[in-house]
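A short worksheet on the structure shown next.
Chain IDs A, B, C and D follow the sequence of writing; residue 1 opens each chain.
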Amino acid sequence: MKVMLDFCVVPLGVGVSVSQYVAECQRVLEQAGLSHQMHPYGTVVEGEWDAVFAALRTCHERVHALGAPRISTSLRLGTRTDRDQSMQDKLDSVRSKLASSS
Amino acid sequence: MKVMLDFCVVPLGVGVSVSQYVAECQRVLEQAGLSHQMHPYGTVVEGEWDAVFAALRTCHERVHALGAPRISTSLRLGTRTDRDQSMQDKLDSVRSKLASSS
Amino acid sequence: MKVMLDFCVVPLGVGVSVSQYVAECQRVLEQAGLSHQMHPYGTVVEGEWDAVFAALRTCHERVHALGAPRISTSLRLGTRTDRDQSMQDKLDSVRSKLASSS
Amino acid sequence: MKVMLDFCVVPLGVGVSVSQYVAECQRVLEQAGLSHQMHPYGTVVEGEWDAVFAALRTCHERVHALGAPRISTSLRLGTRTDRDQSMQDKLDSVRSKLASSS
């Protein structure tokens, strides 16, 4: 089962600057070979369910290892059985609607 | 690694009534033997990371099997290395703060 | 327009214990006279759109005033035009499905 | 109070294709003059609290007007009192961490 995941890791107990923890998660996704795209309030990743959630677990382990005693992550998670749809497909679909209406 | 998860499964393409899909997810958690608590906009579950995410995957599989071609789930997910904290502990902690201030 | 909101306020820069900030948000909802229900990973509140979001803004202002320099909140938010549905209605609907299948 | 919001509107009761509803929300943000950035699982918008939440309300109203009887939206929402931080600042901060470590 393929999944698209949008996640935002929020470490607690390490002050207000979280960019080093977000950077570590980017490295995890890179090392896992998963297609991903960072945005200003999270990161979208797509792939097989087990590979994506193994990477998410590694993100939590690495962020704890960097010193964060507590993490609160918010996620959106999409699966579909009717067809494949990539991150790019989703963006293209909205943009074609916008173009045809302008 | 223990995890607390709050999730809300939203099936698309099956109309506006979602209660039968939510009920199916309750059965999945029950069968998995995971401690869980339903609220009006989701369900909180706690347990070992792999068991909790295996149950979440089963929820998606069952909701697809019931006829939903697309699912969009939102999650919150907490881990901590400083101490164990159950669902009840979290509620008790807030309630003690409220009681002491009134 | 009525809305049901499930929110979880995560203050950053104030250590790992967040219960006093959650308690403050409970007080805000109480003072606003909004129907609400706390669960282990957030609080569900229902009411008119403007009243609910005014309360959410007050929550952020109060949590900042208590000393949190940064807040990251996750929300779920539901509106419907087909019928009214309270927090209790949603729970009852799932429970009746569970009861009829057991 | 400035706010950064990441939101994903999920219309129910209108089938599995949601791109026209997402496109309508892009138009709302454009008309409101709010800085925003679409990604594959949502849209990030920044601005003054009241302007941002007025736009979110308009998004719900427009998506209902397009025929969706029910909407479930997930949001992340950040405020901070220590300093201003734009969407671009957040991305730059993570990228500088990644560049310095490679």
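The rule is short, and it goes like this: a residue touches a chain if its C-beta (ideal position, glycine included) is under 8 Å from a C-beta of that chain, and two chains touch if they have at least 3 such contacts.
Remember, it's a predicted structure, so these values are computed and weren't measured experimentally.
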item	value
From chain B, the most remote chain by mean C-alpha position	D
Classification of the chain A:chain B interface as same or different, half of numbers criterion	same
Chain A and chain C: spacing of chain centres that average the CA atoms, whole Å	25
CA centroid of chain C to CA centroid of chain D, Å	19
Numbers and ranges of chain A residues touching at least 2 other chains	8, 13, 16, 69-70, 72, 74, 76, 78, 80, 82
Arrangement of touching chains [line / ring / star / complete / other]	complete
Of chain A, residues touching chain B in the complex	1, 13, 49, 53, 57, 60-61, 64, 69-82
Contact set on chain B toward chain D in their complex	8, 10, 12-13, 15-16, 18, 69-70, 72, 74
Parts of chain C lying in touch with chain B, wherever the complex brings them together	4-6, 8, 16-17, 19-20, 22-23, 26-27, 37-42, 44, 74, 76, 78, 80, 82, 87-88, 90-91, 93-94, 96-98, 101
